[in-house]
Structures are given as C-alpha cells and as structure tokens.
Amino acid sequence: MIDYDAASPEVRAVFDDIRAVRKTDVINNFWKALAHDPVTLRRTWESIKEVMRPGALDALTKEMIYVAVSVTNQCGYCIASHTASAEKAGMTSEMFGELMAVVGMANETNRLASGWQVEVDEHFRR
Amino acid sequence: MIDYDAASPEVRAVFDDIRAVRKTDVINNFWKALAHDPVTLRRTWESIKEVMRPGALDALTKEMIYVAVSVTNQCGYCIASHTASAEKAGMTSEMFGELMAVVGMANETNRLASGWQVEVDEHFRR
Amino acid sequence: MIDYDAASPEVRAVFDDIRAVRKTDVINNFWKALAHDPVTLRRTWESIKEVMRPGALDALTKEMIYVAVSVTNQCGYCIASHTASAEKAGMTSEMFGELMAVVGMANETNRLASGWQVEVDEHFRR
Amino acid sequence: MIDYDAASPEVRAVFDDIRAVRKTDVINNFWKALAHDPVTLRRTWESIKEVMRPGALDALTKEMIYVAVSVTNQCGYCIASHTASAEKAGMTSEMFGELMAVVGMANETNRLASGWQVEVDEHFRR
Amino acid sequence: MIDYDAASPEVRAVFDDIRAVRKTDVINNFWKALAHDPVTLRRTWESIKEVMRPGALDALTKEMIYVAVSVTNQCGYCIASHTASAEKAGMTSEMFGELMAVVGMANETNRLASGWQVEVDEHFRR
Amino acid sequence: MIDYDAASPEVRAVFDDIRAVRKTDVINNFWKALAHDPVTLRRTWESIKEVMRPGALDALTKEMIYVAVSVTNQCGYCIASHTASAEKAGMTSEMFGELMAVVGMANETNRLASGWQVEVDEHFRR
C-alpha cells in the first residue's frame, strides 16, 4: 500500500481530493492499494464521487444499496467499509437489520424464481 | 402454474391474502408457480409480507434494495417484477438511473478490493 | 451446433459413448455445441461420467446437487437440463419442492452470515 | 454478539427452541449475531426449522445441498458450519469428496453452457 | 431505447464519439438504453474507452478477459456482445475454445478451494 | 492436508507429475487438500494440465483469465495463487493494473446491461 508521504504528485492530488470531499484525514486501504495504478485510482475516485453524490437518491440510501450489493457478492472488505459509511450517513441498527432482511429475502426469492423456471408476467414486460 | 380457480383451499387462502395486502386482483406467476409447494408458498409469502412492511426503512427503499440484489444476481424475473414494484412505490426514472449507477459501481469496486487483496482497515473492524 | 452426421470421428466417438452410457439416442445441445472444441468435449464428458457415476452418493442425490448449484448460479440451460435429469433419476415433485426450499434458505442465510460479519465459531474450525 | 445471559426474553425463547430442537446447549455465532434483530432471528429460525425438517428429502441430503450452495457462493461461515452439520448428520469423507466433485463440475459446466450460448433443447422446455 | 435521431445534444455527443472511436455507424442497444441516464452514459463510455484502450495488454486480451467475467456472471447480453467484439479483435475459434476451457476450470477449482477450506500457502501471502 | 511423505502411492504419482511439469519441489496446499480424494486430485490435475498448456492462447493469457474469474467469484485462495502464477508467467504490475481495470468494468457493465433489461442486438445473435 502506498501512503500519502510516499505517493507521487498525481496520486497525492487524488488523496487530497478524497480528504477534502470526505472531510477526513484518513485514506482507506482501498485507495492506498489502487495508488499502484494511478489511472485506475483517479478514474475510480472520480466515478465514485459522481455516483455517490446526493441526487434523486440521498447519501444514506446510496450507501445502503452499496452494502446490499457487497453482501450479495460476499466481499468482506466492502461489507466492512460500506457498513461503516452507511452508519456515518445515519443508518441506525434498526435500519441495518431491515436492510439485511431484505437482502436475505431477495437472495432467496431470486433462486426460487429461477429454480421454478417462472416466466415473466405479461404486465412486467417492456 | 396454478391459477386461483384450480387452487386448493390452502393455496387460495394465501392468494386471498396477497390480493388483500397488495390491493390488486393480480396474482403474479411467481406465486402461481410456488403454489405447487403450498408449504413454501405460505412461508415465503409470510416472510415477504413481514420483511417488506414499512418500518425503519420505507417501502420504496426496500423495493430498490430488492432490485439492487436481483440485478447483482442477474435474475431476469426478479429484475422485471421488482423494478415494476419499485416504480409503483414511487421510483422515478432519475432514481432508477442512480440506483443502477450505484449497483454498477459497487459491483466494480467489490472486485477491485478483492483483486488487489486489500486488507480491512483497523477502523472498520468490529 | 454439430450433429452426429456432421461430426468428425473424434467427436462421434464421444457421442457414441454418451449414447451408450445414457442409454438414449438423444445428444443434448450442450454436447453438440462443445463439439466445436473436441478436446474440451472429450475432457468434459469423461469428467462428468466419472463424477456423476453412483458411488458414496447415489445418482439422484448427485443430480439434485447439480440443480442446487445451477439455480444458485442462475444458469437457465443447466436448470432445465439437470431438473429433467433429476426427474429421470427419481426426483418427485415433493422432493423438488424441498430442494428449492433448501436452496432458497441457503442463499438467504449465506448473506445474513456475511452481512452481519459473523465470525466462525471455534468448534467449526479445522 | 448476544449471549444467552444477556438476551431479552423474546430472544431467549428462540435460543431455547434452538437448543431443544438441536439437542445441544451450544448457540452458534450466527444466531447470537441475528439476536440484534429479534424479528429476523425468529423468522429465520422458524423458516430453517421448517425447511430442514426431514420430509421427502432426509436431513443429510438437505445439509449437503446447503453445503453445495454455500460453496458456490463462497460463504466461509456457512461452509464451515454446514459442513460440520452434514458430518453430524452422517456425511462420510467419501461423500464429502463426491459432493465437492459434483459442485465443482456443475460450476464448470454452468459456464460452458452460458459461454457457448447453448439453446435449451426442445425436450427440456416446459 | 433512444435512437440517434431522438437523442439530446448531450447524448448525441457521446454517440458521435462511440462511432468515431469504434469506426462504425452502429450504436449498440446497451448505449441506447443508458441514454435514458446521460450522466451514466457519458461516465460509462469514458471509462470503457480508457480501460479498453491497448496498453500493457492488447485489445484482444482485454476483450477475452471481458468475456471471461461475463460468462462467470452469466450475463447473456454481455456474453453475446463481447464475444462478437473479441472475434472482431482477432479471436479465432481455437482461442475461444481455450478461453471457455480456462473459464470453466477456474470456476470449478474456485469452489474446490473454498469447499475444502484450503488455507493460503505462506509463499502466496503479501 | 496430506504431505508428500504421508501420501499413498496413487497420490504421490500425481504429486511427482505436478513437480515435474511445474519444475518445482513445492506442492501447494490446494493439491495437499485434494489428496484426501485421490480420484478428484488426479482428474483435476490432468484437466488443469491439459487446459493450461500453451496452445492458441499462451500461458500468461491463460493465467490472467484465471485471475479474472477468481476475482469475479471473490475466491481468496485462487486470487492469491493465480496472481502469483501470472507473475511467474511474466505479468508486470502494469498488466495487473489493466487486468483489474477490465475485470472491474466488466462486472459493472454486466449489471448495467441486466438492470436496464437491454435486449440483445440483432447483429449479435447467432
């Protein structure tokens, strides 16, 4: 992992922006690892910044969706980091419980639908 | 698939409850297929009803989480049906666009985190 | 897809063995597609034959495990073909219902375990 | 994680039932974690109890299906806990070897079928 | 889907760039669908353009990696479109056969490694 | 895990071949674990040997495809071991960065394609 002090000017510019946008001095390991590939570091950060900015959906909803995907994919790092982000954005333990319950049910019924070879209803087609 | 008219009393009771809770006469193909296994039909419906009931999270947020999981798992039936449910619960096309953008980014960074073998930061551990 | 009549001697030899082992004249589309790559066709058939042969687990149990994996991966072709094979090996509709119920629950609790970041119990470690 | 002594009466009732049904004093970490969300704890336990009860499929077959799904999803916790449960239900090391062999082959051929874009055979359609 | 003639100037600018870079008049359905969300359309196209540009890896290798991921995720649209792109970039049918063979084996051994709970060798750790 | 000295003649024969083909004395944990099931050990090794042999695709390309699949499936063991193999086959850190970038993008657009329910273009059909 590449720390701020060891980073090239190109990488430092991204780290500085992360700190400014997130209002924190901490650079997470994810970004320190990506720093080995400055092009991907910059593109990924710019994309994340654009995608996670509050818009039609607020920051908390977006973080919970991030957790839902990460749990479905069983990505340990992303579950840990985005659960923390969601909590910072206001997720209570009741919300987390309901989030997990929905994620669990969706993963269950996704397989019931496929396994039973259910055809898409006419009124759901586009 | 088992239609209402061909259903056993046990299955009809579930179908009646689906109609009452959802305020519609339509029974989706998913439930008509599950009707071949009345025990799973009942348990799945009771669980869905409990899980999707507005609580700490509202109905729209829950439907969008359902879509996020279904898209991640690439379940065609569930994407079609839950996108429709989310729209019925108030999801605008702007919201859908942002939902897909977050789901896409999360699926991308889940792999970057694993592929780069990023270690969980101390401050994310429990 | 490559039909028997259009197949090379190398491919025909595999097709003949499939027919002999499965006691049927039908060659499924899966094998007809793989016939474009005779090396993979042969290796895959030899492996399947060895793996699916009754041993410590009987043929029906093996086919149901195949269905469980295919449903979890949402592979339409494999769900259709291995559900048919399992039925041929004796799977009743009650068994299929229970199989789907277990597959659904496992997919649900897999995510609850990961999402809640549950640590492996000492007595489960090896 | 919430231990028995720190649990609310509602959670204790579930823990007591787990102990009674499983004929053991041990409450696994999975349930201790879910205890933070008593509604999901109760629903998940009641569902698991109903689904895993011997019926058209015996307890061992059900546990092996659970392992097959957990391995396909790469859920570390579930692989460890359900492999242990399957062994308790009578899975020998020969059975485990064959189970893994089938899970491996199914994961391989699922991708060969999708990658080669194999169309479902007429005789497999419903 | 939004065709070129019905597109806003913002969307047309992206469509024009796709045509210029890919040296074709055809705009695939993927981009026509994303056109409903111009921000995601632009970001996704800019990212794809940067990522798929020949660099340390050539265009063909990158397209084959795209196919490998799409097959693993069982994404029908992406398998069809990126197999076509890979062929255009020079993939022969022998190469495709070997690509599928590797993807199949990797999906198999991924599960054998997890299912057998294999610990990472000391010499593989970073 | 079964070490060379504790292995049966049948297992030793496979271990010897692994050492000869890979020109190393090291037997990885993966093979030592599979050694509990000599039939699967032999079949998996013979398959890997055939599939990974340079042919229409060279050894490095095949190892990078292996990594792409393992990262998509989030298999920790396989990511660690095949990243090491790819490096041994000549993968530079620039190549690894681009490999991860493609894997990330493919995982993202796979979901955009499914979530937006994009229909396969006529010119991609076979």
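The chains carry the letters A, B, C, D, E and F, assigned in the order they are written, with residues numbered from 1 in each.
Just so it is clear, a contact is a pair of C-beta atoms (placed from the backbone, for glycine too) under 8 Å apart; a residue touches a chain by one contact, two chains touch by 3 or more.
All values derive from a computational prediction rather than experimental measurement.
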Identity of the chain that, by mean CA position, is farthest from chain B
F
Pair exhibiting more inter-chain C-beta contacts, E-F or A-F:
E-F
Please state whether the interface between chain B and chain C is built from the same residues or different ones, using more than half shared residue numbers as the mark of same.
different
Euclidean distance of C-alpha centroids - chain D vs chain F, Å:
27
Please report how many Å separate the Cα centroid of chain A from that of chain C, as a whole number.
34
What are the residues of chain A that contact at least two other chains?
36, 39-40, 43-44, 47, 51, 72-76, 80, 97, 99-101, 103-105, 107-112, 114, 116-117, 126
In the complex, chain D residues that touch chain E:
67, 71-72, 74, 76, 79-80, 83, 99-100, 103-105, 107-112, 114-117
The answer for chain A against chain D in the complex is residues 74, 93, 97, 100-101, 104, 117
Which of the residues in chain B end up touching chain A in this complex?
26, 28-30, 33-34, 36, 40, 44, 47-48, 51-52, 55-57, 61-62, 64-66, 68-70, 72-73, 75-78, 80-82, 84, 92, 94-95, 97-99, 101-110, 112-114, 116-121, 123-126
Residue set of chain E touching chain B in the complex reads 36-37, 39-40, 43-44, 73-75, 126
Touch list for chain E against partner chain A, complex:
39, 43, 47, 50-51
